[in-house]
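After this come two complexes, each holding chain A, first together with chain B and then together with chain C.
== the complex of A and B ==
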């Protein structure tokens, strides 16, 4: 058995091996089987990424994309938790929204982009709406499932100690559902980035999706690839950061 | 003494129409203030239902349950339940679980601290205040459950097979701890169990219930000399005699179950 810090480094290296293989295959294929002008080499894309950050032109787009993801996801958490818990605690709320959610569930939310453009125009509002709609369902479903299955004994335990019916909701039901709400949010984070880029490809004059589309349209494939890599890396970091935060928040699970 | 529970004409029916099942039928019983009573009966006799009715978690179909003469109406802080599966709040530490009832009662913070510490010490959990329930063993969890219920000082302790999931040595040590606490604090205790030895060892009286629907079959007075050690008590002739009585009475009920 290796000492723990060494073991940690070894594990990290092992974790990154698959990505290394992909980059290696990419390097071999580029300029070989596929021409470099449609598949730029990893080194070219790497240099382009550095260039985009050094010149600073990527920052405003990255910022606006992160803003859209943040607001869209934040709204979906707020509405999703209220709706999910509300549906579990009230039959009229459940009856009203159940049919609506079942009907909209199979619709790819990005298919609503043209309609969203019609209502909200091209830009941030449309992107936020699409991110919000795409993230809403996993959060509602997880929150709803958890709120419906709160251990009855916990509710009784609180009641015997003097907690009234209304306070049960935020003193017992809400904390008891947090782990599953977090599971819903964990599912929603990557979905948020998918919805964001899809919306920005169609309906935006700024953001990472817009950069990917425009650089592709003018045939600037190194820039297009660079932007795809940047947004993928950002989404990856967002997922990891969320998991880290969740671990710290839920020490009790 | 305060904490008298009077049960009269109690009936509990679950479901409606064809699904209708009577869990408890025409039960009349009284537990004196400060008394320790165990309830035994065949499985499905409604003993847990009885406990939840007294707790006020369930509503009686017929009849009344009174505490010191006042009919109960839902859960109240005069009664405290110790649950079989502990029912601790997993997001709260040991300390925060024990102070929950005090917070709800509006007890000031420093006073909460003193009271909580007293009961945490009483169940031998000092040093574990900042642990979360998931970090504790079953026996420790149930001691937290007991401390949490004692902390807000209910007059009546309602225990639903609290040691049912624990192994024998641990059960015995918790039974002795419970007896010490009960005689120190002078509370009324109603203890559900399916273990005849446990019922006889702990109680002044044992209520034996009939099979489905459950009602009072008989009540055994356990007039034991409890001045000695556990070993002296459980090996005494009196203990064997009371245990046999309760066992026979219970066995008649389980026999009916088999012949049916």
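== the complex of A and C ==
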């Protein structure tokens, strides 16, 4: 029997062997069965990633993309929570907004990119709008659901002790809805990246999506693959970081 | 005196009021839209009057252009989704039932699922061109992940008591899979389809916008390029109708298949 830490390392290695196999097949196929142009070898792509970071070329585009995704997601959290909680706590608000939500729900938000181009032109504003719209619904739905199911005993207990409506909202309803709002945001993060890349492919002069499309168009395939790996890694890290943060924040659940 | 008639009339009235409350905001918005457009308060290019958009929608529909583009889009999205559904369910169920399959696919799913699949569109243009085949394969690859993950999770959660009871009664492995495991996992598998369906449309629209080749996405972007904003809005109406239609169909199928839950 191996000591536990060693056993852990062995398990991790065994767990990730399949990925090694995939990379190995990729390496063998590239330049063999398939031309290196069409499928650059993993080593080439890896070197290209390092090159992009060392030369600093990728940073300006990466920061633009992160700015767009951050602002769009931030706005959707702000508006989504207000709307979701508002609709749960007030009938007039619900009557007003409910129909819009149920009408926009079945529209894939990326289909609105051309409309956003009409209004806002090509660039950052369009990307932010699409990320915002795409992330809004999961957050509204989760916040709304949570606010409607707040333990009524908590509200009654507070009212009995003479808490005013405003404090009930801030001290009881919002904190009670945080776990489900986090679930909504967790669903929204991957959607945000899909919306971002869609907007950048169709309507942008900068950002990772634009970089991927143009390097493909000029035939610079290693750069194209390298940027896809980078944006995927960023999306992956964003989801993981959010889950980690949620775990720390929601210690009481 | 007919009391029942009176009661039902009262009920109808309150229903009408409820209905009015739920749609009044939409009616106000649509009227405002038409008025603002007619008065030219917002430039025609940004917001044509609603009536112009509906007329354009009718024109495109009657000329067959809308239906043809909708057909192209739906064909690409649904064939891709069908391929992903078959492969995703097979991989998902197998990796829940078999350790070796799971050992192989688990890390691939972990890495593959979070990739913003849209970013691969330029790769698929390079590999398979910009035609239908390329779009269909892209949809299949993109929608495979949610189908496979949901099939795997729901198969894993099938109650072991059900499986043990069936085994004890001498059910063969094959029958066990089709008669016990699959029906028990069906709700989760259908949830996977419900997540994958809008994704299939997203991928198709964006691919059509980037690469052309007809379809509603291409119709929209063509409207932007030729400054025909009414066409953009008309295409979005068609997209909304398709979205609502497919959502309804999936819910109906779910209700039918899962009537026992």
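Here is the rule we go by: the second predicted complex is superposed on the first by the 233 of 253 C-alpha atoms of A that agree within 3 Å, B and C clash if a C-alpha of one lies under 4 Å from a C-alpha of the other, contacts with A are read in each partner's own complex, and residues count from 1 in each chain.
Throughout what follows, a contact is a pair of C-beta atoms (placed from the backbone, for glycine too) under 8 Å apart; a residue touches a chain by one contact, two chains touch by 3 or more.
Remember, it's a predicted structure, so these values are computed and weren't measured experimentally.
In the three-chain model built by superposing on chain A, chain B and chain C fit together without any clash.
Centred on chain A, the angle reaching out to chain B and chain C in the chain A superposition, using CA centres, is 90 degrees in steps of 10.
Judged by the touch definition given at the top, the superposed model places A:201 against chain C, while chain B stays out of reach.
Judged by the touch definition given at the top, the superposed model places A:153 against chain B, while chain C stays out of reach.
Taking chain B and chain C in turn and counting the residues of chain A each one touches, the greater count comes from C.
Taking all C-alpha atoms of chain B against all those of chain C in the superposed arrangement, the shortest distance found is 11 Å. Across the two superposed structures, the residue set of chain A contacted by chain B and also by chain C is empty. Across the interface of their complex, chain C is touched by residues 14-16, 18-19, 22, 38-39, 95-100, 103, 105-115, 117-119, 190, 193-194, 196-198, 201-202, 208-209, 212-213, 216-217, 221, 224-225, 227-228, 231-232, 235-236, 239 of chain A.
Here chain B touches chain A in the complex through residues 52, 55-57, 74-77, 79-81, 83, 85, 87, 89-92, 100-101, 104-105, 132-134, 148, 152, 154, going by the rule given at the top.
Chain C makes touch with chain A in their complex at residues 21-26, 29, 45-46, 103-108, 111, 114-123, 125-127, 198, 201-202, 205-206, 209-210, 216-217, 220-221, 223-224, 229, 232-233, 235-236, 239-240, 243-244, 246-247. Contact residues on chain A toward chain B in their complex (touch as defined above): 151, 153-154, 156-163, 172, 175-176, 178, 251-253.
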